[in-house]
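Dropping the structure in here first, questions after.
By written order: A, B, C and D. Residues from 1 in each chain.
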Amino acid sequence: MTTVSDGVRAEEILIASIADMLDGLSHIAVGASSPVPGAAAMLARARHPDRTRVSVLGSEDNNFFTDGGKELFDCAGQGRIDAFFLGGAQIDGQANINLVSVGDPDKPKVRFPGSFGSSYMYFTVPRVILFRLEHTPRTLVEKVDFISAPGTSEPNIYRPGGPYALITDRCLFHFDREKGRFSLASVHPGHTVEEIREQTGFDYDEPADVPETRLPDTKTLETIRGPVAAQIAEIYPGFAAEVFGIEKAA
Amino acid sequence: MTTVSDGVRAEEILIASIADMLDGLSHIAVGASSPVPGAAAMLARARHPDRTRVSVLGSEDNNFFTDGGKELFDCAGQGRIDAFFLGGAQIDGQANINLVSVGDPDKPKVRFPGSFGSSYMYFTVPRVILFRLEHTPRTLVEKVDFISAPGTSEPNIYRPGGPYALITDRCLFHFDREKGRFSLASVHPGHTVEEIREQTGFDYDEPADVPETRLPDTKTLETIRGPVAAQIAEIYPGFAAEVFGIEKAA
Amino acid sequence: MDAIRLDLDGLAARVSDGAKIALPPDYSYCAMALVRAIIARNVRDLHLVGVPALGFQADQLIGAGCVGTVETAAVTLGEFGLAPRFSASIKAAGIRMLDATCPAIHAGLQASEKGVPFMPLRGVIGSDVEKRRDDWVIGQNPFAENDPILMVKAIQPDFAVFHAPLADRFGNVWVGVRRELMLMAHAAKSSLVTVEKIVDGNLLDDPVRAAGTIPGLYVGAIAEAEQGAWPLGIPGGYDADQDELARYVDMARTEDGFAAYMAGTKAVAAE
Amino acid sequence: MDAIRLDLDGLAARVSDGAKIALPPDYSYCAMALVRAIIARNVRDLHLVGVPALGFQADQLIGAGCVGTVETAAVTLGEFGLAPRFSASIKAAGIRMLDATCPAIHAGLQASEKGVPFMPLRGVIGSDVEKRRDDWVIGQNPFAENDPILMVKAIQPDFAVFHAPLADRFGNVWVGVRRELMLMAHAAKSSLVTVEKIVDGNLLDDPVRAAGTIPGLYVGAIAEAEQGAWPLGIPGGYDADQDELARYVDMARTEDGFAAYMAGTKAVAAE
């Protein structure tokens, strides 16, 4: 991604948009390999340093767990994690996500790493934000080939958590848990409503007027490029070097 | 207790008798406030230093648990504890033990501390040795007033563990799990078969010939009075001072 | 994020009537100074959870009339014998007693730690401990035929209340191998912790120290309380004050003696 | 009691065909040198349990034909992408795949740690992960009406196989905050552990060190293996050898390339 307007990079728009959805939360957890959500969480923390905790798996500076691999999940089960991020090789219109395989799972065309903690975190974390940088009919499909974690559940299933939004390189969708459908919330600068419809494999609701995704204000940009960039460089040095041109401190 | 014969103390006879029942086991656990069983476990370890582990709750030198209060019980559940000791304010003829109260539990005449881990360890540890120094009809009763842990269970109840023997200040009983009854195994020096029958509130089997409990041999006595006494002094200094006349090392 | 730092009274003020509080046994790290502050506030109807057994803390809270329910595997003063105010209260049916067994307490807390409504546990079936607990159920092992197994209901304390040698300004609390305190902290809605000393650095920065540290996430508020376990001791720190404990046990044999003891201790603490 | 001390081949010899072995993820402490020794022994039909995910260890064991079943929440080489021999084997239906989710692996191990046949777990219901697992059951919360909950069957590995920075001669192994290794050790019948260094004293004598130490009770045998995680790194120790990992990923794209890589690594190790 590159500069889209007024010297603002696409990643910065995503970071700011996600951070707005995390505002004032107590504890945001970020999985492995998620630099943009990680930066968004750090921006949310920078805005409320006395209220917001962030834990990033794989980080040394931003990971305070001391009870082994299970603690993140126990913590979510206790209701102590307010937001989490999930991706998907495929995501469908009911917000089902697929992290396992394309084709018959017993003899797949493509095999991905696996479901990780998604089958659980999607049920236990109130605000799960889906994040997918490749927005095409190949990734946003009508029906996933394998459900790593379902977007919705029957009413008798214990489920304090679930999908809250889906953000891509083209737009932001909100998810309506009652209807079990996405609705288009905003289109990123440089993209169009028609393009979104064309590049999305599932049906979704679309209001008459779809706003453009807001550009981050000056103060937000300063925070992203200053403290957030420095913090993110510890965990994702490649990302920080590419997007912010900074190196990890020794 | 005092010297009973040939300069051997009653405690030493108990320690040696119990140690014989622990011979060659992998892991013997000892609860709080159990100096005689603790010493017996240490004697068993001294005989097989390369095979036998001992953990003593409340000991610093003989407690290797690092996962909090639950680890002892988890360890028993895993089948990693071969022998354990339990007492009872009351013990009955079916080897039920009562650590809770005498009389109606809702308004008891006497209230004891409580069941501790007995309700679980009695089921999971293969060789539970009951230990009670007051052998009277008041303690060894026909039926306990409260079952902290039952001596036997229905055949469909998962129960790799259970009672193995009952040792008192007067004698040693073995427990037959099939029959659900004690049988008199040996009478300590200075006591009689008739006295046992009189002082026991429950019925039990009695072979035609009941042997006297063996005195520890010279080597055993040396081990008890040497390394075992020194080790036990760390945990039960009062006991070690009284029985062996030694003080805890600084 | 900096921890909320209060004094003993501030911590005690968080414990309202009817709260369910988890307490460690005497040989772990007990917040005796905080217990005295709770007693001083005249809190009522507490539900104590012994993890897994209770001692001096419970006896004093019961004696002071702060307790409605006691859920524990045992109440004992160890070598000092039976707990006098507990025994008196039980005989007078003055408290609701939920007798448990050690691993069932741990299992109930583990259920809350995991965010599940219950935890299976072997053993216990057929005991009066099990028969007298309305909040336990005997279920079936779904992976076998005719294999009954106890299901212990999750125990979620409002507060884990304990002492520790060390905390940092972020509320990270070092408890070492006393992991039952970590389990309590994970399971409780919040933890109220006193410590011998609050240090400035971050305890999690040292990978050896970190392994025995409860993250501040679980800690509601901390207070510095030197000798905060007195008259109990802390493992690896100071020994229990045997004379003071003996004095307590002696005086607490009667209600009046107990009141006199507590009044005296309060006077000492106020000095 | 002194630990059983072996060399790498001695440890590897304990792993027989068909054994169920638990392995940590790449970012924990992986016994890569031991894995190479197991491969060298041509062990067959292993059942790997990823705790909760697998990486280079699994890819090499699978590539070498040692594996019959993979039970894990994921197989990934992290920033190096998909695991080539795993992917090839899955597409050829060459291994039995038991897809799981991280907390279900932990729950299954916790069940074995506790000695219970199953562990309840929230979530997961309605996913294909759950639907495709014959060894999981959807049961009912006995404390509520109409509240289905997943029951994960206990996972008891024959061996927990991992690396660590430090052990002592009693077999006590320090793992620090990497407590998943302790869970693996508790749950498994026995643990086979390589360490950077075996020290003479007792790690449990230091109360700070003890908090992150697995007692020797759970450890079947240990071997000293300096740089035993290579080409992976160990947290707080050495970094991963990125060039070597890249070389592996490049060569392992084909079966022949993989064989050449392993032969070369064997030759290097034999020098």
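Here are a few things to note about the model shown:
Going forward, contacts are C-beta pairs under 8 Å (C-beta built on N, C-alpha and C of every residue); 3 or more make two chains touch, one makes a residue touch a chain.
Nothing here was measured: the structure is a model prediction, and the numbers come from that model.
The minimal number of chain-to-chain contact steps leading from chain A to chain B is 2. Grouping the chains by touch while chain C is set aside gives one piece. Chain centres here are Cα means. That of chain A falls 29 Å from that of chain D.
If each chain is reduced to the centroid of its CA atoms, chain A and chain C end up 40 Å from each other. In this assembly, the C-alpha centroid of chain C lies 36 Å from the C-alpha centroid of chain D.
Annotation for chain B: residues touching 2 or more other chains are 65-67, 74, 77, 124. Looking at chain D, one finds that residues 110, 114-116, 121-122, 147, 149, 177, 179, 182, 210-212, 235 touch two or more other chains. Chain-to-chain contact here is organised irregularly, matching neither a line nor a ring nor a star, and falling short of all pairs touching. This structure has the following touching chain pairs: A-C, A-D, B-C, B-D, C-D.
Interface residues of chain C facing chain D in the complex, by the touch rule stated above, are 107, 110-111, 114-122, 135, 137, 139, 141-144, 147, 149, 151, 153, 175-177, 179, 207-212, 235-236.
Per the touch definition, chain D reaches chain A in the complex via residues 25, 27-28, 51-53, 72-76, 78-79, 82-83, 86-87, 90-91, 93, 99-104, 106, 110, 121-130, 132, 146-149, 177-183, 235.
Note for the complex: chain B touches chain C at residues 32-33, 58, 60, 65-71, 73-74, 77, 99-101, 105-109, 111-124, 146-150, 153-154, 156-159. Touching chain C in their complex are the following residues of chain A: 27, 49-53, 64-67, 74-80, 124. Looking at the complex, you find that chain D touches chain B at residues 1-2, 112-116, 172, 182, 186, 204, 210-218.
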